[in-house]
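The first chain written gets the first letter, and so on, giving A, B and C; residue counts start at 1 in each chain.
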Amino acid sequence: MVERRSVLKGLSALLLLGLAAGCKRGDPNSPNIYLGGAGATFPFPLYSKWMSEYNKLHPEIRINYQSIGSGGGIRQIASETVDFGATDTPMSASDAKKAPRAILHIPVTIGAVVVAYNIPGVTGELKLDGDVLADIFLGTIKTWNDERIARANPGLALPSLPIAVVTRSDGSGTTAVFTGYLASVSPKFQSVVGEGKSVKWPVGLGAKGNEGVTGQLKTTPGTIGYTELAYASQNRLTTAAIKNREGAYASPKVSAVTAAAEQVELDDSLVASLVNAPGAASYPIASFTYLLVYEESKNARKGEALAKFIAWAVHDGQGLAAALHYAPLPARVVQKIDERIKSLHFGGKPFLSQGT
Amino acid sequence: MMRQSIWPTPERPPLVPGRFRGDTHRGDRVFSWITAASASIVILTVLAMTGQMLASSWLSLETFHWSFITSLEWNPVTEQFGALPFIFGTIVSSTVALALAVPVSFGVALFLSELAPEWLRNPFGFLVELLAAVPSVVYGLWGIFALAPLMRETVEPALRASLGFLPLFSGPNQGYGMLTASVVLAIMITPTIASVSREVLRAVPRAYREAALGLGATQWEAIRTGVFPVARSGLVGAVVLGLGRALGETMAVTMLIGNRADISASLFAPGYTMASVIANEFTEATEDLYLSALAEIGLLLFIITVLLNIFARFLVWRVGRQGGA
Amino acid sequence: MNIRSHFTYRKAVDRIVRGLCLLAALLALVPLFSVLYYVTARGLGGISFEFFTELPTPVGEEHGGVANAITGTLTLVGLACLFGIPPGVLAGVYLSQFGHTRLGKIVRFSADVMSGVPSVTIGIFVYSLLVVRTKQFSAYAGGLALAVIMLPTVTRTTEELLKLVPEALREAALGLGVPQWRTTLSVMLRTAAPGVATGIMLAVARVAGETAPLLFTSFSNRFWPGGLDEPTASLPVQIYTYAVSPYEDWHSQAWAAALVLVALVLTLNVAARVLVRHRVR
């Protein structure tokens, strides 16, 4: 017969085990390095693969990344509660003022914001114009068989189901990119909603992270939402082709993202928008995603480990991108990054001397 | 180690070589000091919590004053923050949850304290208390995969078909919304209301029931006329305690309510509560004012739950006093 | 209506009400059984050796486990006990002896106030107090938040149980020359210990399932934490993260993690309430 006393003893034993497990392991001179990062959910599938692979190559370095949204990444790096942040949309001037030192934006990969949907009975690709999309997210187009949607999609059997819009409930770079696009193609959207990481959506269910949006889309019929390409592909969601600047309907594929990236020139700030990029093959809602790193590190070992990881990611890591539906960085972008990350230093001493 | 002394004198302890006398006083002093310090920790924690919440909310309090509670505009981009959508969402979800939970809880309490056979009472009561033991996040998980589809496919369409003329049950439904969140809340507060009500009913002296029964009342009538009037304030206290619990529930609600900062007449529509918005947006609020606004919501939540808690305890205490009288 | 039919009416009402109460009682248990059924049915499928021993794998990849979340929960709850039980028990001792004084009343009032505060508010309190100052999400912060949640429960339980111990025991011990403080500890508290242990078990069961405060304090970690000052994974946070994600594999891990958590919580509850027979003497 199980006695309460033995349950109590078992519990205490477990808790002591837990405390012991949590304590610092090894000596202070051990090479183990922990790097904490947080931010965008947009590149999370790729980052988690990178960090796992890097840990296999360098078992003493653990990089823990939490995908809490670009807004979270910016806030946490500015308050120095993490070693690096991640965002799809650059920090604003007021964000940057909050940080005690200069922060570098380093683009590490390119993704696409796709419009995904779950329409019962529709497995084909929906073609959407920018203004139609904007009106769906404004709530003025309310049902799937609305005339404006049907006009561009004569081959699809659209039901008379109400459209359930899914948006982000957290501060998101993906939202910033998407609203940036909608604001540029629809003046009405620009005035009613505007653009930013957290906007006041006129309609929609709020979900947390790209993960949450994708989860909603997957399980709820009649929904439409915006999420990152990797999430849509991994979960086999149906995605829409969006009309780009040249008038062609571009499907959200890695090749279309690369086409958009090829068109854009980066300056020294390493920040550029890929929204509505020129080119007939370009997907109009593509985006760089950036790591946020302090130019001057406060911890020599951590700073060096981080700089080396970034160098690895920008070179060797790119080979892992395509399989996860992210576009590799164009060569001249990588060149610019190599130059720029030489400025990462501790006490005046740069971490990376001759390139990688 | 106990001192073996056969003739202890009242004024001073027996003189044994060693530090006995000094020991006792010192030991007692140290011990009282330690316990008093621990007791102060309790007070200090509450004070620190209040102080910290006020400090964090100060910026928002200064900027918005009363409009914080009356404004519907929650816009991080323009830095306009009004908590009304969350206050509304909290009130609606709690009210609907109470409407669902109170009848069931009272039924359970009556069943356990009056109607069930003796051998059934404790096991059954234990099962009801287990409802309270399940963590909120597990309810959320169950809600996403079991309750939400049920609501979306069966319950909400049925409600719309029968009561759709009411604005409460009109409009599109996705299974995630005010109604689903309220159902989960109702499940979570039922054990609280039921167990406190059961205690309250038990505290009423048997004499009241027996007097009514002696006059020929049926069991229900005896309860209605003998027990309820005495227990009434305690039962209200139980409901208020349940309300307090509902207000603070975070995870299960966040996972099921649809996270939309807007008010709607329909229960099918998504909404937002004070606790959920804090959980969702706190770690990423970049602007100071944004963070302060969220802290102010936390402060409001804190004040409301504290007041409700005090009120509820007072009511329950009153029944205990009456019962003893 | 004559007396006879009125009586029939009254009896009918009585029966209906009693039937409704039975119905309510059964209705209340339906969600409990549904949750337990889902957690067991879907959770068992996810339980495997690697579930208990592996770390999480990259997003979208199969396999991987929640080993770090399980130890993380134990670490956090262990810290919570470390921070919360000693002050709680001692404060309870204080209240049992001096609860009638003005300070005592303030303490009791504070404990009652604290017990009603939502856990998310406690989370942001510890965040502002500790995480921002140390610029670090840590297990310490998580443990502290959980300790603050446990503190009022432990205090009141200790106080109530000490008050139940007969004064005669205290007087007997004092009469034999045992110092005051020794009496309280070795005699009174020792006698009340089983009940206090029960209260502690229930408090532990409660904080083991808390999620919201951990979101701002211990955050989460895909690896083993290198120390108590690093972010730490925990079962509830992991369940939340996996539940709202779109990946099937993560869903089944969420159910399995829920099974582990519910098993832990239920064991503690059962041990606390049902096994009252085996009181430790």
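Please note the rule applied: a residue touches a chain if its C-beta (ideal position, glycine included) is under 8 Å from a C-beta of that chain, and two chains touch if they have at least 3 such contacts.
Quick caveat: nothing in here was measured; it's all calculated off a predicted structure.
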item: Of A-B and B-C, pair with higher C-beta contact tally; value: B-C
item: Chain whose mean Cα position lies farthest from chain B; value: A
item: Rounded Å distance between chain A and chain B, as computed from the means of their C-alpha atoms; value: 38
item: Whole-Å separation of chain centres (CA-atom averages), chain B against chain C; value: 15
item: Two or more partner chains touched - positions in chain A; value: 207-208
item: Sites on chain B at which at least two other chains make contact; value: 144, 283
item: Sequence positions of chain C contacting 2 or more other chains; value: 244
item: Touch list for chain A against partner chain C, complex; value: 1-5, 7-8, 11, 14-19, 21-25, 32, 34, 36, 38, 44-45, 48-49, 51-52, 55, 62, 64-66, 79-81, 207-209, 211-212, 214-215, 217-218, 230-231, 234-235, 324
item: Sites on chain C touched by chain B in the complex; value: 10-11, 13-14, 17-18, 20-25, 27-29, 31-32, 34-35, 38-39, 42, 86-91, 93-95, 97-98, 103-104, 106-107, 110-122, 124-125, 127-129, 148, 151-152, 155, 175-182, 184-185, 205-206, 208-212, 215-216, 236, 239-240, 243-244, 251, 254-255, 258, 261-262, 265-266, 269, 273-274
item: Interface residues, chain C side, partner chain A - complex; value: 57-61, 71-79, 81-82, 131-132, 135-137, 139, 194, 197-198, 201, 204, 219-228, 230-232, 241, 244-247, 267-268, 271-272, 275-276, 278, 280
item: Residue ranges of chain B in contact with chain C within the complex; value: 2-3, 5, 8, 13-14, 23-24, 27-28, 30-32, 34-43, 45-46, 48-49, 52-53, 55-56, 103-108, 110-112, 115-116, 124, 126-131, 133-142, 144-146, 187, 190-191, 194, 218-221, 244, 247-251, 255, 275, 278-279, 282-283, 294-295, 298, 301-302, 305-306, 308-310, 313
item: Of chain A, residues touching chain B in the complex; value: 68-69, 71-76, 78, 94-95, 98, 162, 164, 169-171, 194, 196-201, 204-208, 216, 219-220, 222-223
